[in-house]
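In the two complexes below, chain A is the common chain; its partner is chain B in one and chain C in the other.
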Partner chain A sequence: MNKLGLFTAALLGTALMSGSAFAQATLSMWYHGAGNEVESKIVNQIISDFNASQSDFKVELQSFPQAAYNDSVTAGALAGNLPDILDVDGPNMPNWAWAGYMQPLKIDESKIASFLPGTKGTWNGQLYSVGLWDAAISLVTRKSYLDELGLRVPTLDQPWTKDEFMDALAKAKASGKFQNALDLGTAWTGEWYPYAFSPFLQSFGGDIVDRSTYKTAEGALNGDAAIEFGKWWQGLFTEGYAQATQDPADRDAGFNSGKYAFSWNGNWAALGSLDAYDDVLFLPAPDFGNGSKIGAASWQFGVSAKSAHPDGAAKFIDFALQDKYLAEFSNGIGLIPATASAAAMTENYKEGGKLATFFGLSEKQALVRPVTPGYVVQAKVFEKALADIANGADVEATLDAAVDEINADIEKNGGYGH
Partner chain B sequence: MASKFTRSNSAGWLMAGPAAFLMALFVVVPFLFAILLSFTNQRLVSPNPTEFTGLANYQQLLGVGMITLDPERDAEGVIVREANGSPAYPRLRDLTRNNPDHPELDGLREWFSFQVGDSRTYVLARDVVFMKALGNTLVFVLIVAPVQGGLALVLALLINQKLRGINLFRAIYFMPVVVSIVVVSLLWRFIYDGNSGLLNNLLSALTFGAFPRIDWLGNPSTALGAIIAMSIWQAVGFHMVIWLSGLQTISPTLYEAASVEGASPWQTFRYVTWPGLRNTAVLVLIVITMQAFALFSQIDVMTNGGPLDATQTIVFQAVERGYGKQDISGGSTISVILFILVLSISLLQRWLTRDKR
Partner chain C sequence: MAQISSDNHGLRLIVRYTVLSLIALIFIFPLVFMIMSSFKPDQQLLQDTKSFAAFLPVGDISLNNYFDAFKRAPVGLFVLNSVIVTGVTVLLSLLVCSLAGFAFVFIDWRGRELVLTAILATLIVPFETIAIPLLLIASKLPWISMDGLTFGWLNSYQVQIVPFVADGLTIFLFVQYFKDLPGELIEAARVEGASWWQVYRKVVMPLAGPVLATAAILKFLAMYNQYLWPLMVVQEETYRPVMVGLQYFFQLNRAWGEIMAYLSLITVPVLAFYLFLQRAFIASIASTGVKG
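This part shows the complex of A and B:
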């Protein structure tokens, strides 16, 4: 370990020396988008624009495949060689900030005042990360389906209630036209579960953890609201509205080939549906009693704790937050631009654009996942609980077990600094 | 032997050196670390200092309890019954959660239960998922070890013949071993698919549609069986080759003598082949057992331990906790328990198959 440390120190030393020889500091940057050509092109464009715009700093990019990115950061942190600029998935940020991987981001807050709430990563009262985009989920269906089933078109101001939603599912099932009424995307394991399904729980009035203290999940994840949610969730599968185990191919193409009446899916899949049908509707999440909710926060940029030039790193992030880059990312990979002014510059999110609904969804319904370092563990516990309930496990016992596991973890971590 | 090992054998040590060093660095050191960390609360990611916690991790994993409940009775003392006629019992949840009357049950969950007369006995565990993982792994080992070993022997006997093109069969049987287990698992996920999987289509075609379509990996009662079958198929070729090498060490003169004596094929196998394979059998058995205990990739690719913990395994839980849930100490504890388990079973096998002469 010591030898390794010496070796890295020597490497770092040479890197710094060669940097000062050019009187220009090199900022290393890690990004999760390796393998995506369009994404890489835009990031590289921002970097070369930044490098050309001033002479104090030079940003160098290293890309990782998304699946290996978090592990690489953890490994990099353990070995003590994180880059200056990191990108981080929104819900993970508190974990990294708490662990000492990241430092507060020092940029002018007025600059991001107009940003969508989900793009700002705040922990312990300080801004740590900012996103150039957000993502949103909607209930995808077709106008013709709604007409045929005699259903009202819900709006942002008047979303479906729980009863209306269940009525819609029942009618879709009774019509006999669909393999299943609802495509929830249960084939997508991992972060999809807490991202897509915990907003249902929050709309019922429960939560993954008690956000007032972040010290316990008791009452939040196993209270009356949560049990009601759990029974509703189990009902979706016992009634045959949705599939507990789904063929991944059905998730990708099922709605577009007419197997499902409704699909709970993100804005990134929206263009595919628009290609398949000419009357696609992106409906807001149903209101289960405590308002319609969808998940918020996608990948964001931040500064690593060990950066020798945090000012330079912040300067780069500040530079990247220009509307034109926000718009470019949106046009390139279909994400929701962080500002309304950038949205106006995009093809799909401008007023009257095909995906403009999503901007409204992000603005009105988005709720970030629990902002706590323990979220990483809580997300896994929540995913397992939901999968088990979907497969027929006892709702109350499963939620109790999830609460116990989350509480034990919080205790084991000394309250995660809350 | 020992003296030869240490005395004037510098060339030997020099040659073994690099490998021994790497083995020490990547096998022995992490192993010692695991033992050490299992007595702490070490996290993967945390600013908190590591603390020595003694046996807490082991108690958390292995804690079990038991409670026998009498059915609920109404005011007249008549047993209250559920809609389906079975007696109703007090809810376990009220006993095991925040109940000051039963501090010994706090945090325990139902693992399984059984009925004796009218009262019902619940076996509780502090970590039900780990207990299920333990049970599943043992079932996996108990089925895979004999079946895979036996099947491999049959295949080895079949291909241990001088026939034209026998090498083709050897290659075919050995092929799944060479392919990455991750690729094999992905392929079998398609084969087991509940709607249009190959297996369902095959069974349906063979029975003219009478066989119902089964979601092999999505059904708690078939998932583990599906993984067992696929795992046996995947590694059987490897053990076939070991059996084959054992078969080829048996002197042909013994077979000649047997045929001169007029032995039947079964007698030849029983009294010539099988005794000659003794050491090979011990090796195959121990290797399969150890490999079976390490079941991980298939689970990770195909089921993630689900549905309803039907395919949780010890190693999957170790990785899931250590890395997924950032609890290195918990993962280490599971690894140590697995080590003790495998070691004791291997020693037992060694003792049972010892040379009794």
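This part shows the complex of A and C:
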């Protein structure tokens, strides 16, 4: 090859190389984990592995603090500035899909067949998001407390009935050992209320909204079962079992310093209790008549409606669903891995692990919050109603008012597409 | 009715200073609590809240919370962003609003009362009501930068600065202050042949120290505490200010010590700025009767 030929070949080579560089599409991704060093490290690791695994797409991450994330996405959507990949809190997904922020997620669904039910975000019959983990709530106590109070240890198959639960609270109160029998976490506001407390309502037989149509809350939130729930809920405070207004410091450290006999808390706080005591028990939710229920669905990945590369975004999400990443998240931030095979790879959720109970709770008791775009409003109405009832408001009138507010919102939004 | 004589002057002073000291303590206690808590581990911090120990540097004292805060979030970057945004906005605001106030008070032009009324009417419009239209506008505005002409101001300093340069309250402060200046001074300067610009720069502004201090402090506080707007228009960490940065510390398991350390750090610029302008600020409040 003469010099001219060599030069031409070099030029062609350079052109081809730069051509392939231009062909690589950048996928922007928003994530809610800013401020959480461990979480950020794992997300960055997945992105780095994905970017190295292929040359078609390059994911670039923008992290937001969790408390500011939803508002940032809403503002981004208004300004037409959404990324390709975003993460979404499970119960918010239908709203974002309905509002046109997200598009259906095109991945091989057989791959997520074994995922915990709460990790799959489906709305209108289509998959929109998938989570690498779920979260679960349990009734935290100590074996020594149950022994002292003469209470049996409830199991997943035989949870406490309502009477047994109330008996446990009464005995804990009568013992005089505790500031309050039950730590409900009323210091935490916002999504905690529907996530943590609506399963009680559902176990009574009520619900936030009528799930058969999603067009009304009539009968679900103010029917006989809901009123019975409301009276029971109010009784927890009038009897002095729990605090309607709680000091955040008590929520953070109260159970671990012996102020409460029982704490209604999530798996994310479990390791702290295990550090404080060596006989901690994570009990299933009591059964108030319609089965034990706990909330489900945590943060999940989805594709924005504005993405110019939905195939690339889906490819990234598919890549992230590997057991090793599910396990890594679980080991890093204590969440429940989405699959049993990933759970087996973790320190806390493998069989015999300290938090293995939570996997069973998620698998057997989890009930997703109402899958409707209207949930974001319904959650706030429900929270207010429960706070009012806890503070002494009339149960029936409060629930009726909540139903009116929810129904008015559904009507105003044309039924939210149901 | 008992008469206060010169004999009990000392007693009056003691009572007065005791009452003032108690009031000062009420205001200073949250700051002391914040600073002291920033040196304590979480468990001790929470335990100390039950007693006076919360206000004392006792127990396991260290700088760990500060080191951890810097590890959790780019604190320096957030403070720098807020100082840039706040500083530039305050400077531009003082210039623009004082010019506006000057034009409303000293220059006779048709429709000025109407325009002033319209500007003052904006005082009753909450920012939240205009936030979304403003976002839609800001996301499409042109800007000339090193990259040439671009459209959309999101993720920038200018989107956090420009919408807040002029505001009804600051203009109102200048208008009120300028109205109290002796008109003869302006007339004399005009008779001597001074241009309006010279009157503004050489006669009016040298007398405007107190109102400048007041406007600067009020603007500084409003801008430094901005949360909603930067949350809406800034998605990149590079331009994030301190108040949005605060959310980095509100994880599910809250690190209270780090929160206190972060708050202590971001309070420093505010206190420094206030102390720098304190004397002029008080003089201005005393002379105009405006209370922030």
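The criterion applied here is as follows: the second predicted complex is superposed on the first by the 397 of 418 C-alpha atoms of A that agree within 3 Å, B and C clash if a C-alpha of one lies under 4 Å from a C-alpha of the other, contacts with A are read in each partner's own complex, and residues count from 1 in each chain.
In the analysis below, a contact is a pair of C-beta atoms (placed from the backbone, for glycine too) under 8 Å apart; a residue touches a chain by one contact, two chains touch by 3 or more.
Remember, predicted model here, so these are calculated numbers, not experimental data.
Colleague: Please indicate which partner A:273 is in contact with in the superposed arrangement: first for chain B, second for chain C, both, or neither.
Modeller: A:273 contacts neither chain B nor chain C.
Colleague: Once the shared chain is lined up, is A:180 touching chain B (first), chain C (second), both, or neither of them?
Modeller: It touches nothing on chain B or chain C.
Colleague: For A:409, decide between first (touching chain B), second (touching chain C), both and neither.
Modeller: first
Colleague: So, does A:245 touch the first partner chain B, the second partner chain C, both, or neither?
Modeller: Once the two structures are laid over each other on A, A:245 reaches chain B alone.
Colleague: After superposition on the shared chain, which partner residues are touched by A:100: those of chain B (first), chain C (second), both, or neither?
Modeller: The first partner, chain B, only.
Colleague: Answer with first, second, both or neither: which of chain B and chain C does A:66 touch in the superposed model?
Modeller: A:66 sits against chain C, while chain B stays out of touch.
Colleague: Touch test for A:393: chain B only (first), chain C only (second), both, or neither?
Modeller: After superposing on A, A:393 lies in contact with chain B but is clear of chain C.
Colleague: Between chain B and chain C, which residues of chain A are contacted by each of them?
Modeller: Shared contact residues on chain A: 71.
Colleague: Which residues of chain A touch chain C in their complex?
Modeller: Interface residues on the chain A side: 30, 34-37, 62-68, 71-72, 75-76, 78-81, 248-249, 252-253, 266, 268-269, 272.
Colleague: Touching residues of chain B toward chain A in the complex: what are they?
Modeller: Touching chain A: residues 41, 43-48, 60, 92-93, 97, 107, 109-110, 128, 193-196, 215, 217-218, 220, 304, 306-309, 320, 323-327 of chain B.
Colleague: Which part of chain C faces chain A closely enough to touch in the complex?
Modeller: These residues of chain C touch chain A: 42-43, 46, 49, 71-73, 132, 135-136, 138-139, 152, 154, 228, 231-233, 235-237, 244-245, 247-254, 256.
Colleague: Can you list the chain A residues touching chain B in their complex?
Modeller: Against chain B, chain A makes touches at 71, 74, 77, 95-96, 98-101, 189, 244-245, 247, 250, 376-377, 380-381, 387-388, 391-393, 396-397, 400-401, 404, 408-409, 412-414, 417.
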